[in-house]
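So, here come the structures, one by one.
Two complexes, one shared chain (chain A), two partners (chain B, chain C).
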Partner chain A sequence: MSKYLLIFYNSIQRSLIYRFNTFSLLFIQIFVFGVFFYLWSSIYREGGQIGNYSLGEMVTYYFLVIFLSLIIKADVAWRVGDEIRLGTMTTILLRPISYFGYTFSRLAGEIVFNTAVYFSSFLILFLFLKDYLNISLNLEQVSFFLVSVILGTAIYFLFFYMVGLSTFWFGFVWGFNFTMSMIVSFLEGAVIPLDLLPEFITRMSNFLPFKYIMFTPISIFTKRTELTLDLLIIPLVWVIALYFISLIMFKIGVKKYEGYGA
Partner chain B sequence: MELKKTFLKYFKIFLHLQKIGLMSRTAYRANFFIIIFAVLIQASFSLIFIKVVFGFLNNISGWNYYEALVIVATYLIVEGLMWVLFGQFNTIVKQIQQGELDGLIVRPIDTQFLVSVWRGDSEDIVRIITGLGVIVYALNNLNLTLTQITVNSFFYIFMLFNALVITYSLAVLFKTISIWTIEARAFFHLTDSFSRMSQYPTDIFYHKIVQTIATVIIPLFFMATVPAKILTRGFDLKIVLSSFIIAGVFFYISRKFFQFALTKYESASS
Partner chain C sequence: MNKIIEVKNLTKTYDYFKKEPGLKNSFKNLFKRKKLFKKAVDDISFDINEGEIVGFLGPNGAGKTTTLKMLSGILTPNKGEIKVLDYNPEKREAEYQRQFALVMGQKNQLWWDLPPMESFLLNKEIYGVSKQEFTENLDELVKALKIEDIIDKQVRKLSLGERMKSELVASLLHSPKVLFLDEPTIGLDVIAQKNIRDFLKKYNQKRKTTILLTSHYMEDIVALCDRLIIINEGKIIYNGSINDLMKKYAPNKMITVFFEKEISANELKKLDKVYKIEDCKVLFKVSREEVKNFATKILSSDLPVKDIEISEVDVDSIIRNVFTG
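Entry: the complex of A and B
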């Protein structure tokens, strides 16, 4: 266990080195949020209405999309893919650690670092925007939200870990990773809230794990959904399923691994 | 005569690099076609977003659905041109990180030109094609005569060119900073976000100060809204002149900044 804690700790240290990058990303996302804020406010000022969303709900929705994107979206597939393609995975395989544990600990370190930095920044932003945001929380809701975010992060990580592992078969998955990132960002509700899309897309998203990454946690936070255990049990089942599929993928894929370039 | 010779020399280099770029992109053929598919999906999201929003509204800050489509299409064309012609000026970041910029500086060609055209992502041509298709569709549904469309299109091409110059200059300005910072993933996201946010009409900025920022400091206004305005609503001398001035100023500043930054370059490889 201590070896994974060390990887976790090193990951936080590495994030500290690239703090310029971290703060630049924060600035960029605030800029993007600013444009969306004006887009929605100008629509609602002119008397428009998007679905059954109030201005407060819409602004809060995108506020949380940006916050969660900053925290959970690490380049897992890209890194795993490169380690397979360039042969650098060999150095990890030769050590007495599991590759999954190594990748997970590294990501966990980044998430903890990102949460610390971005949570405090968004708290300040929240104080400026509190009149526009629709936030009134109770303990049950916060607990549901936190568990839901953890499960959503796990789904995101496991899915893109598998996309990265597909390099064992395809050799180079930049295009595949890019495609999946696009599709996932749409089906998780980061582009448009899923309940504003045509019904067949909403229905289709019920059979996929992606809506639990963003749409479900945000719906919990904004009280747009009833707090039932289903909201946590279904993504938990997805996490378990994706975990076992990723283990199988690794077991089969690593047999094809040649480590060229190492 | 000398100018013509220089132009031809640079044009030949550009074509040669484009050819090499296409060959290297198609080396992983399956990946190349998957990226084309991904680019198409990404482009379609911008259009779906507008479609969904206009499913609930008739206009956004005075822009109807078809006019808003022209803004999105303009963004797609400019974005596509940035990728195909200049690879979003991303070469500089990679070259600096790997200490390969030395190899370009010593060549008897303008360094900024070489860095700009070193890499072109040919698959992004689908963005340009999609954008053009959307413009044709939108113009068909707008109440414009053939003469209006012809005249407006003439000025639109100039506005599009200026939008490209502004977007290119912003990329040069931000990505050149990597000469000092080395690690520069954020700069890619920064210019990408500026460009992406230009696909919404800048009339949404109802505060005067934000409107000024979006016109002069980060000129989102000229990156897609202005070309779309000229194409759908006709010639406007003040806007057209401002567009040329802003494009000229941004290009001049970015050029000077790039040349200054090169004097501070310390090769990472040596």
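Entry: the complex of A and C
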């Protein structure tokens, strides 16, 4: 096991070297948050309520969307795709280590690093926005939220891991990855809260894994849902299912691998 | 002798698309593509014994790297059988992976943003090398390749030669029984090339590691290999020792004689075997068996000989002969 732990540490080390990258990401996301903030503030100036969201609730929603996006949305598909397309996967396939484990540990390192950096910066941001945000917490809710975020992250990782693996068949998936990112952003509720969308989309999202990435953890955090166990069990089943599908996909796809470039 | 690698009727076919140049044809290609096939490796068979160093030689695209990739389990063959240390590489069993290494001159297994030492430590864990073995091997390798100063420097800041040496260290930490080297000296300067060659030679003598290497540099092959496999367009066209290759494709040696003064053509005619006359310098092409007698004959004749030189036809030109038929 400790080989994966070491990859995890190395990945954190690597992130520490590229501090600039981390801070530029933080900057752009806070900028995006600012845009949403002013957009919704002016929309609310006309009326007091949209759906069942007040201005404070809406701002809180986006505050959490941005925070979660920063920590969980590492670009797995792009990385896996490049390793297949450029042939760098070769050096991992050679060694007694699982490719999934390798990719996962690297990513986990980045996520933990990102969480540390962004949590502290969002804490500061939170102090500035305190009056706008509706946050009141209790222990049960926080534990539900944490488990829910971990499951959501796993779903996001597994799904985009598979998008990356599709490079085995398609050769280059930048466009596909971009399209999927857009669709997933929408279906997870990162663009507009899912309960404000037409009913058929809300209903459809119940049969897909994506709402557990953003919408569910945020609903737990903002007390917009009862804390029932199925909020955690359904995404857990999704994680297990996606994991096995990705294993099979890798097993079939790797036979097509050609290790280009040397 | 113990057969370490056995390859039987191995074939690998790649598919690809053909695209005529130009944007118009790119659009055409978007809707209609004709799948074409190329046999990269075409029904080859060979064996390699324990402790042997075998050189894999051939022009670009001959199928050398493809074969190495199949031997290390990265590529799945279309047909044929491979057995390395009694494993089928295609299955990528951890047991097998712990016993071989593939070093590629054009691929990087070290973490680009971290010093090589971090990658060494990671390989220690990946291959499950004990602490003692790791320390001993690392010490030995780092000293032999003289890279004490660079193992704590970020990989991206290393020169190509330094990186290649670090790659070698990383690949040998788990004491592999079989070592595949894909152009280990590509792009290196003459001194670095020689360092790596000398190192590999010594390493093989000491550890009895079986080595299969590909290279474009004839010197690599001559300096290192007991045996040579020449491959062209996916087929093996020669498999044997370098000496036998020379005998077969270069049955003659060249004797160059420098005379005090120009010798008339008539007198030279008596000597036979004249290849070329350049003023006072005359070249004779003589078969290997006759070299000694012929040299004695010239020296003991009453011709004014100043100097005499016997030389081997160089291997490069022999290989060229092999490829061009």
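Keep in mind that, in the parts below, the second predicted complex is superposed on the first by the 259 of 262 C-alpha atoms of A that agree within 3 Å, B and C clash if a C-alpha of one lies under 4 Å from a C-alpha of the other, contacts with A are read in each partner's own complex, and residues count from 1 in each chain.
To be clear about the criterion, a contact is a pair of C-beta atoms (placed from the backbone, for glycine too) under 8 Å apart; a residue touches a chain by one contact, two chains touch by 3 or more.
These numbers come from a predicted model, not from an experiment.
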*Have a look at where A:18 lands relative to chain B and chain C in the superposition and call it first, second, both or neither.*
both
*Classify the contacts of A:146 with the two partner chains as first (chain B alone), second (chain C alone), both, or neither.*
neither
*Figure out whether A:97 sits in contact with chain B (first) or chain C (second), or with both, or with neither.*
second
*In this superposed model, does chain C or chain B come into contact with more residues of chain A?*
B
*With the two structures laid over each other on chain A, which partner does A:196 touch: chain B (first), chain C (second), both, or neither?*
first
*Touching partner for A:183 - first (chain B), second (chain C), both, neither*: first
*When the two structures are overlaid on chain A, which partner does A:174 contact: first (chain B), second (chain C), both, or neither?*
first
*Regarding the shared-chain residue A:240, is it in contact with chain B (first), chain C (second), both, or neither?*
neither
*Both chain B and chain C contact which residues of chain A?*
18
*Taking the complex as given, what residues does chain B use to touch chain A?*
28, 30-35, 37-38, 41-42, 45, 48-49, 52-53, 56-57, 60-61, 181, 183-187, 189-190, 193-194, 196-197, 200, 203-206, 210
_Contact set on chain A toward chain B in their complex_ = 18, 20-21, 24-25, 27-28, 31-32, 35, 38-39, 41-43, 45-46, 48-51, 170-176, 178-179, 182-183, 185-186, 191-192, 196-197
*Mind listing the chain A positions that touch chain C in their complex?*
2-3, 6-7, 10, 13-14, 17-18, 87-88, 90-91, 93-97, 255, 257-259, 261-262
*Can you list the chain C residues touching chain A in their complex?*
14, 65, 69, 72-76, 92, 94, 97-98, 101-102, 104-109, 111, 113-114, 118, 121-123, 125-128, 182-183
